[in-house]
Amino acid sequence: MTPFDNMSAVPQDEIKALQDIGALFYGRGWSLGTSSNYSVVLCRDPLRLLMTASGKDKRSLRESDFVVVDVNGQMVTHAGGKASAETLLHVVAAQQAGVGAVLHTHSIWATILSDFFAWDAGLEIEGYEMLKGLAGVTTHDHSIWLNILDNSQDMPDLARRVQQLIVDQKDPLRHAFLLRRHGMYTWGRDLEEARKHVEILEFLLEVTGRSLSLGKPAPAAIAEKDVPTDLKAALTE
Amino acid sequence: MTPFDNMSAVPQDEIKALQDIGALFYGRGWSLGTSSNYSVVLCRDPLRLLMTASGKDKRSLRESDFVVVDVNGQMVTHAGGKASAETLLHVVAAQQAGVGAVLHTHSIWATILSDFFAWDAGLEIEGYEMLKGLAGVTTHDHSIWLNILDNSQDMPDLARRVQQLIVDQKDPLRHAFLLRRHGMYTWGRDLEEARKHVEILEFLLEVTGRSLSLGKPAPAAIAEKDVPTDLKAALTE
Amino acid sequence: MTPFDNMSAVPQDEIKALQDIGALFYGRGWSLGTSSNYSVVLCRDPLRLLMTASGKDKRSLRESDFVVVDVNGQMVTHAGGKASAETLLHVVAAQQAGVGAVLHTHSIWATILSDFFAWDAGLEIEGYEMLKGLAGVTTHDHSIWLNILDNSQDMPDLARRVQQLIVDQKDPLRHAFLLRRHGMYTWGRDLEEARKHVEILEFLLEVTGRSLSLGKPAPAAIAEKDVPTDLKAALTE
Amino acid sequence: MTPFDNMSAVPQDEIKALQDIGALFYGRGWSLGTSSNYSVVLCRDPLRLLMTASGKDKRSLRESDFVVVDVNGQMVTHAGGKASAETLLHVVAAQQAGVGAVLHTHSIWATILSDFFAWDAGLEIEGYEMLKGLAGVTTHDHSIWLNILDNSQDMPDLARRVQQLIVDQKDPLRHAFLLRRHGMYTWGRDLEEARKHVEILEFLLEVTGRSLSLGKPAPAAIAEKDVPTDLKAALTE
């Protein structure tokens, strides 16, 4: 039992902040058609997440559109809504050390690229200044690998697969992952950082997708005319 | 005769909800240039639809921009506006069991794809999580066929063609259809569900269109490098 | 002399309506960077146009951002602003019978397509339902030719060229024209109709541009699989 | 020492104007994920810049999200924020004669094109009417060269490279520059002009990028059908 097992004990600020996220992401086209779900950690021991209930319109979330869930993804509150089938993915993400909020979105570019790169089981994004907005990244000269998992309706299995990637010794999953033809999950130490991660990753996915449609040639194929010596050195080092 | 044959008897809430749809869809670029029309079922026996009058600016619909029509598409109210030529298509859609609202939109992607796939008389959309937002769909592992009908100014004939597709025994039209180089019709049990269907279908059309412009190769043509065994199994099953 | 030669005699409603257009078009990206200018006819004999002054920010037009001009494009008011160099193009457009407002915009797609089709001196747009929103068009089965004129800083010459196209006996310019790498001019019987024309033409230009980027194959090259007989007949007639 | 070395002496109008820029650019997608920074010149001798502090959310900048810096990029105020690592680039830009404001943005198209044209160390934009919105440009028949510098975390070195381009005798850097896979810097005599420059350059970058994706053929390759003699003459002169 925790104080938050009663919906009326959930701080209004947390609800307002998630309502704001909903209106913002709906406006940007990342949470249309009642898609997406968002959660914040209310307490960790035992774990309680304040989370959007299943199938709610993110454009204007009402107070009754939220539930509180436990570590097993079960509702501990008894309000009108029901917990999303994807609650377990939020739990897995929220159980990482230092995570305070988890955001799941359905954008156009995440959907397209999660399919385009599905056979690689992920995509690399490297060398962009925007990467510095991700927690722990301090230079643009950095590369992230964004895992793509095949979509599934078997949530315990999908949660287990994500968990395996997170605890991988050699190359642990960081910051975010994509579900094929579905959307993105990311998180942060609080809601503000999680939102920053959504904005940065969506930006980088759009840059990646639009660059593909330009048929951007590989660096090696570009003619070397007019390149100042020092820039050329910098680019090829 | 019904109470709704007098415009003043139409609930203000229904008008406000359609005004809100207009401002929202105008903002998203789905109802520019006085295009589009929206309707809700006021009563079924006899049928009465509250509907946007012909040629009104959807950005800021006024109360006088609505009419009430009957099962023959004829106006039963005598306000300033006149009924849209496309009223019969709303009637055909609204006569389906459980339909409470019909939304017709003119988006960029619906216009483009209704033309691109015209010779197939439709397009298939399959395997997307967003499909679960459509009434009756419970898994992403689903496929919809979005019929495309050739555009026409002969509304009785066009309405008859739509009606035939709806009552087709083998493969009845579901959720929505496109008119070539014109736009989309969709519906729902109420206005909220109909709006959800617009948002989901527009999302999926944009994903389809932008994927085409990436020249997305067919799955069979993708190199099988670096695919984890279990993901590959999942993708090819 | 007319009453409107004094700025204080210009109806506030006309100013407010143009301020609204500015905020709307700025938001849509059609009037960025102080580009664009808008005018309405105050009286016809002698001609007086209320018009945005040169180089004003369209996001939030102030009352002092307007001037009144005569048939020679000369200012008759003595406010802070100065008349745009393009005033003569507004005069030529406004002198057509039944024109009450002229809108000049700088959109992404008008700029791109005015260049892409420059060697054809125009582009054809045909078969779209949206065409019915243009004054005098009653069916989608219609074609418009959108003239493209080479851009110029010699406004009297450019105005003369537009005038020649308008009075052309065989194929007079209708509804709108494009200036190469510059933007679009359109008009209507009042500001509301002129705005509708902007929205419709911008929509059709975006559809045209995005269809080009899909590499839409010519109808003859499409495989004829799965086409219902009646649709095929309709498409090929 | 200057009066502005105390944050409370900074005019509220300057802060409000930068807050407005933040909300506007965030909405347009040019300043997502706490990216971007903006500055205005408070005084020149000694130089003081009011500037957004490092890593602040541009959607809703608070008063405590600003700092005042000197000619060495050092903070002279002692508020909550810390100066951005890129402060020196603002200083270099602001030291040019007649510059009153510097805006650094992270847009999709600036990021893509700064990469696409990196081996040319810049891109040419020519012949667009929108160019006339840049300070000192009076005709569309004009060409700008937008320098691209390789991105770096070594700010003193990067600032030196920008400075060299600005003082270049033969072909000095004007209006703006791009950092590869990073974003754009531009400026103006005041914040209004700097914002105009952002809007115009972003517009031209988007036009350039989308034209590339249309595979716009070179003028010489276009068939010469239907070109009126005078237009053809104008285009080929």
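Each chain gets a letter, A, B, C and D, in the order it is written, and its residues are counted from 1.
The criterion applied here is as follows: a contact is a pair of C-beta atoms (placed from the backbone, for glycine too) under 8 Å apart; a residue touches a chain by one contact, two chains touch by 3 or more.
Keep in mind that what you see is a predicted model, and the values were worked out from it rather than measured.
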> Going only between touching chains, how few steps reach chain C from chain A?
Replying inline: 2
> Nearest 5 degrees, what's the C-alpha rotation angle taking chain B to chain C?
Replying inline: 90
> Where the centres are mean C-alpha positions, what is the separation of chain C from chain D, in Å?
Replying inline: 30
>> Roughly how far is chain B from chain D, centre to centre by C-alpha average, rounded to an integer in Å?
In response: 43
> Where in chain C do residues touch two or more other chains at once?
Replying inline: 213
>> How are the chains arranged in terms of who touches whom: line, ring, star, complete or other?
In response: ring
>> For a test of understanding, state which residues of chain C touch chain B in their complex under the given definition.
In response: 127-130, 133, 139-141, 192, 196-197, 199-200, 202-203, 206-207, 210-211, 213-214, 216, 219, 222-228, 230-232, 234-235
> chain D touches which residues of chain C in the complex?
Replying inline: 29, 32-35, 57, 106, 108, 111-112, 115-116, 118-121, 149-153, 161, 179, 181-183, 209, 212-213
